[in-house]
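Structures given as structure tokens follow.
Both complexes below contain subunit A, partnered by subunit B and then by subunit C.
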Partner chain A sequence: MSYDRELPAIDKTEFLPYSGRKQDPIQRPSANYWQQAFRKLKANFPALISLFIIIGLLLFTLIGDKIWRVDPYAQDLTQISSPPSFNKKALVIPDKIHYQPVYLSNLEDYTVKTSSTGMSIIGTPTTQFIAFKWQPVAGAKGYQIFRHEYLPHGIDDLGVPLGTNDSGDHVSYLDALRLEPIDYFYSVIPIFEEGQLNQYSTIKITAANAIALGDAVGLGIIPKHQKMHYLGKVINLPAHPLGTDYLGRDMLARLIEGGKTSLFIGLVAPLIFVFLGLLYGGISGFLGGKADEIMMRFVDFIIALPFLLFMILFKVAFGIGPGESGIFPMLVALILLSWPSVARLIRGQVLQLKEMPYIESSKLMGAGVFHLTLKHMLPNVTGLLLVTFTFAIPSAIFTEAFLSFIGMGVVPPTPSWGSLCNDGIQTLLTHPHELIFPALFISITVLAFNLLGDGLRDAFDVKTKGERP
Partner chain B sequence: MNHSSAQNTLKKYPLLTYIAKRLVSGLIAIWFIATATFFGMHMIPGDPLSSEKQVSPQIRKNLEARYGLDKPLLTQYGIFLKNIIKGDFGISFTQENRKVNDIIREHFPISALLGLLALFFASLGGIGLGALAAFHKNQLSDHLIMIMVILVVSVPGFVFAALSQLGIMKVNDLLHSNFPIAGFDGITYLIVPAIVLGLGTLAYITRLMRSSLLDIESADYIRTAKAKGLSNGQIFVKHKLRNALLPVVTVLGPAIAGITTGGLVVEMVFAIPGLGKYFVEAVQQLDYTVIMGTTVFYGGFLVITVILVDIFYGWVDPRIQVVK
Partner chain C sequence: MPALTKLSVLVFFLSVLLSSCGISKKETALNEKNQEISLALTTEPPKLNSIKSADAISFIILDHLTEGLLRYGPNQQLEPAIAKKWKLTKTGATFWLRTDAKWQDGITVTAQDFVYAWQQVVNPKTASGYAFILYPIKNAESINKGKLPLESLGVKAIDDFTLEVTFEKPCPYFLELVAFMTYRPIRKDLHQEWGRAYAADAETFISNGPFTLTEWVHGAKIVMDKNPHYWDKDSISLNRINIPYITRDPSALFNLFLEEKIATWITPALGSGSIKKALKEHLSLKKFETGAVFYFEFNHRDDRLTHNKNLRKAIQHVIDPYLYTNKVLGIAGNTPAYRLLPKWLIGNKKPLHEEYPLTPVTIDHKIARDYLARAKQELNLTTIPPLYLLIDDGGSNGSLTGEYLQELLNDVLGLTILLDKQIFKLRLQKQYQGEFDLTFSGWAPDYNDPLTFADMFYSQNANNSAQYENVHYDMLIESTYKTTNPKLRAQLFAKMQRILQEDAVIIPLYYSGNIYVQHPRLKGVRRSRTGSSINFSYAYIIPENITLTESNNQPEAMPETKKVMP
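Then we have the complex of A and B:
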């Protein structure tokens, strides 16, 4: 065994670095975990849009009330449940209604606009009151008055019974029951000794939007010192871009205020319970063995609790003192019931990480618990944490909305999107905007957070690392 | 000797061991639910008698004695547990002489019927839509279905409930028909509420069905089926659909839990006299016994359902090993 064969002569220059044409780099610019995640997120169009929507919603609730300076608690009983409007006008009328019932004896005192049915309007019909009179019917001992929003089909379809005149010669009626600036169809049925006959007459009256002088001054729409100047004039009412609720409160202002409650609970509760879950799950996973088993058994039990039932139970158990909004009990209940599922997730991740070779080598090099946790464990669960947090927000918002909806959430007058929905459902059939707007805000928020969560999950999922975006 | 033979018997029947283990942990879970309910209820400031009109101290004492409120907390807890084991949830505080057991017996069947209908709609609709979406992958119908799924998940259930009521109202106006809007008088009253209740689960099943169908796409047995010359339709029904259904079965457990609690809102909005509506009313009136009874009942129901569903998986799909 000898190396008798001559080695071929190798020139020194063969070992010089290649100086010819530069080759294309085989690798992409190296990007760390966060940069990669961010790049993938940027490529995800729905997630990106959602991120902007979320920023927009946060701005809406945080600085919205600096721009839309309307008091969300101010009631305006002249504009109850009014639909969205910008330039609503109203006729200013005197506070006192000058109206006397019309009897046969003083029939001629009134200027009448006679309609074909023998019924006639008295004065100007406004949303404050509508007065009308009719031709007396011979032999009638009284009259029954109805109101409808459509032309009645027949005597069975006259609408809301407003009242009865008990005397045959009392031939007028004043209606001031929740009038709106729309067309009304008033019908009168004469009542005879033997009951009512199939006989009625109907008049169509269009109510003009009106506001009493005192109300207009009280709401600050017209200056007090020259109020008489405005009497009988048409003025602009305050704009309500999203309408008003059943107490005449501005919906936009209430949505801004309600958003504060909803987003506060939606963000703060997950922030705390994700942190608690991280702590508990981290410790459990790190300790392992018997301690882990006992800690996780406890978690299993809490997860087995029927969530919404216990949400309600705890919410009630923590009680609400006078003058409190009920936000705090809800926060506590939400945190108490939600941390275990986060703990379970984190614990699973930590158990996996513990087996990683780099943890092993770090331990061999003498790393302490503190170093291991901070340098290796925490950075590796951050992605999971962020995704969990993002998905926890919509479910917290949903829970708040659910509780407030069944009347177990925030206490009036504090608004939240859920409690606004609860208010809105009462007037759904007549004024759907009171439910639709808060429901829309909840839905958009939840949708945005869900899409962002999907995007984050894809971005942080290490399995898809090799694929090009 | 005896002990080890018992162990051997258990080893022979791993499924029985598994069921026994699950039942024991289920019982502990129910005990935990009962305990949490009991102490949660007793944290509430005031007591069920404090809302009654002013009564003399003597009458109050008598009332407390009648309901056992004068005893120490732990004694009350003991009595509570003992009664639960006996299956006796006590007497309602607000409804004269009405047993909680009777309330559950009368109103739970309505909730259960509503839940079953909802589950039926959800699985049928979800499987159908999911299959449709997967079949037309990346076509318009697929996109539409997936958008619908995302939207459904983002809108609170009570909004759907309220809007569907409004919808029925409009339809009734338009067609001069008389579809029931609220209340309960026969199964027709439950159809729309059940659809509304099942929507969330429907969306979830649709998503799952679609992705599990697409996962199967590249499976060996599908290639074999194609090689055998089966038609697309045959492959879809006989091979894809049947295998894709399996993951869907796993959703049943959480779905039943979701539908049960979701029922609270739907029952409230549609004024269906189910147990959920009763529970909410009981909480509003601080009716201790009814709250505790229904919570423990619901908790126990859910725990047992989850165990049954788990055992069911193993039976449906032998590849899933419930027994370790």
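Then we have the complex of A and C:
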């Protein structure tokens, strides 16, 4: 059969270009992979905040000690476990405690009472020491001294038994047991041959914050050459924005110092093991077949190894003696045992990429291994790599904190956030700031890195191309 | 509807909470009707076999279950127990036993039970950690070292109720010793029948003391009931001692006390935090001086730097026990120690520290640096290599003390101190093996005599972990073995104490004291420095409805408060 029909003639005018209203362009500025990712990250508010927090933390630990020039190891026994303070004042008092025990023999004017009365303060009551005396009680063979922080309710509630004067004519007491600038209620019970009678007397004494002259010079608050000038004056104590710890060390300085350890482990270990994982997983995935099979079984083997055990083994193997820092074996253990999970991820991604049509065509066009790796594989796993890295940091920081918490990481006096938490937990009831601040730093850092990692994952995910995260 | 669901969840949780409360409600601090009390322990007693026990917790339980020749009465005084009378001479002692003392199965306690027990203690096969406490008895040390047979021990049962002891050397404090846990009797027939199971469970424990071991759930619970066969049962008022809680957590213990679940607990003492809380709750706080002294001990072995006296002196002149105890440690109850021998030890008639006072070491950094310079010259070193300070993470503030010393010595003398932190058991092991330069250590007395502290530094003593060797000191120790004259002995101890200070053998830090809380209606609890630190045998409950003599003594008007701060 044949179709022998004439086609209709087409008029040329029917093919003129459209000359009506111009349409809105359906396009956006062309952006490459990185620009897109960054734009999506910018729109992700929590991730952005986290990024700023992380930059802030890095600055805090890296240049913090250049700004806050306080020795993190200097102990100030006059300010033990003091809460955050900025302009705490203290009275400068002499180094030597001028206290002469009061005995009846050197007391000129006294009246012997039948119950202990007439308690009076000797000298100026300060946080360095409080001294007081009382009128002797007839027939007493000694006195028992108590200290309370609240008004006693009765003879069974006189507070902490401080001590006993073993002689009836020793009628004074000097208390220097860790005093705070608060009100104290001191009570005295006379002891008789037949025991204790139901009588006591109480005095309320307010301790003023004070510092010994020698300590003030030692801390560099007052100049040595004219120190006598300051005696009896009220001076400003050094500010402790985050308070001090159980040995009077500045918490802020210790947090800066501790951050160095924590962030060092937190950044260096992931950097190295993510790189190792990339190398191993990349090779394994790229080679495929038998080689891949063998390499992956080795990864399974490494994953099964217990971290803590190896940490201890490395500590022994490196000859880290008692009292020496366990940071290096911790780093080695982290690197040697953490890379397999990264390797698995990368290998999976590379296996997938290898089957992509554009790789095929690239191969057909004669691209070598080098070209394929650099131009196709690497750019395509970068996003994944970055996300893995960001998630690895908090877990490394946490591992360090945990190991230092159980005493396997840093050794005293070097602080780390974990060891600071360990120290702080012992004074949780009385001085919660010693635990709260380091714990807060760990939490914020870990949270920030996690949120940033979350944001990065969304940003690099091609499937969520929309503007909103 | 959602509100209802929330409510039901709440009700569910509340009911769970209430029912769990209901279960534990049974355990109350004091049960007046049944004369029962409840307590808490920090750990389970590791060894309840009196010939092997060597720890404080086992001692406490054992003291309620067994009784020796003598015992400590309600006021810490020695009084007759299984022995009704005795005779102590320079060469030995004779004890006449009461005939009505019985084991919990009704069988009479005889002199043979003591002979068997003491022979077992020094038996090298027993490997008792406290064998040394029997060394005043003739041949005990040789038997313990495997040189003589068990039968040669200087103790003999003349008949069922007469026990004769021969001494190796004069022992004026022997009566104190026979009240100690290691000197308690053992039933030969049951010890041989039960073998290794002896005293390992409630069923394989035989008691001759005021209480019997009724129930022992390992790691969880101990119940002790009054022993109906105890010869002095009329002076025991409690029917049962419950120990339903075994925990180490100080705040858990404190909360159990606040909730009236326990009448008191044994250790640890209240820390600064708990004391503050107790003051806020207006609880009655009590103090008990444990009798122990804590100190830094130097390693005196030849190959250690601390063998150098000037180095030790340098460190000695830096550490201020007053500052350390009051500011660094800062826990009420402890008192600064300037010498080894605690205040409570009696010299001739008065306390030893009053009869022979010892001037404390002056704290002077300049003197310290001079000593250090001399030490460097003698050791031929320009800088002193790092020194190891051995500490433990137990309840005695090792870390705090270590970090304080580390910074102090670095600051004043430029010395580097490395902290070797170990668990308690390992710390002791390292200490006895000499793997330290300095150690933070403590010593609790075994009997009420200065010798319990002083002979720690006798070169022949196994407890001389510092391996301090001084011919003069040894001579003084040996002199105390030869005499019972209290005046002469006091002089000897004073001389030893002076040597310890001048030679900087140790640096005393503090005498420990415990602040504790106890149910106000529980009375008669005896706390003592030696042996069992706490005993409830003579404890009694004051009835709730009887109020004590009303106190008329009101606190007088507060004197004017003095204030200096602006």
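One rule holds in what follows: the second predicted complex is superposed on the first by the 404 of 469 C-alpha atoms of A that agree within 3 Å, B and C clash if a C-alpha of one lies under 4 Å from a C-alpha of the other, contacts with A are read in each partner's own complex, and residues count from 1 in each chain.
Please note the rule applied: a residue touches a chain if its C-beta (ideal position, glycine included) is under 8 Å from a C-beta of that chain, and two chains touch if they have at least 3 such contacts.
Quick caveat: nothing in here was measured; it's all calculated off a predicted structure.
When both complexes are overlaid on chain A, the residue A:Asp156 reaches subunit C alone and has no touch with subunit B.
With both structures placed on the common chain, the touch criterion links A:Ile272 to neither subunit B nor subunit C. By the document's definition of touching, of the two partners only subunit B reaches A:Ile406; subunit C does not. Once the two complexes are laid over each other on the shared chain, residue contacts for A:Leu58 go to neither subunit B nor subunit C.
By the touch criterion defined above, A:Ile283 lies against neither subunit B nor subunit C after alignment on the C-alpha atoms of chain A.
Once chain A of one complex is fitted onto chain A of the other, the partner contacts of A:Leu428 extend to both subunit B and subunit C.
Between subunit B and subunit C, C contacts the larger number of subunit A residues. In the superposed pair of complexes, A:Leu309 makes contact with subunit B only, with no contact to subunit C.
In the superposition on chain A, A:Leu48 makes contact with neither subunit B nor subunit C. By the touch criterion stated above, A:Ile442 is placed in contact with subunit B alone, subunit C being left untouched.
Annotation: subunit A residues 407, 428-429 touch subunit B in one complex and subunit C in the other. Contacts from subunit B toward subunit A in the complex involve residues 25, 28-29, 32-33, 36-37, 40-41, 43-45, 150-151, 153-159, 162, 165-166, 169, 257, 260-261, 264-265, 268-269, 279-280, 283-284, 286, 291, 294-295, 298-299, 302-303.
Contacts from subunit A toward subunit C in the complex involve residues 73-75, 77, 80, 89, 91, 115, 117, 119-121, 124-126, 147-157, 159-163, 176-178, 181, 183, 187, 198-206, 208-209, 234, 246-247, 321-324, 407, 411-413, 423, 427-430.
Contacts from subunit C toward subunit A in the complex involve residues 251, 272-277, 279-280, 282-287, 322-323, 326-328, 330, 332-333, 335, 386, 388-389, 393, 399-400, 402-404, 406-408, 418-422, 515, 520, 549, 551-553, 555-556, 558-559, 561-566.
Per the touch definition, subunit A reaches subunit B in the complex via residues 300-301, 304-310, 312-314, 316-319, 394, 398, 401-402, 405-408, 418, 421, 425, 428-429, 432, 435, 439, 442-444, 446-447, 450-451.
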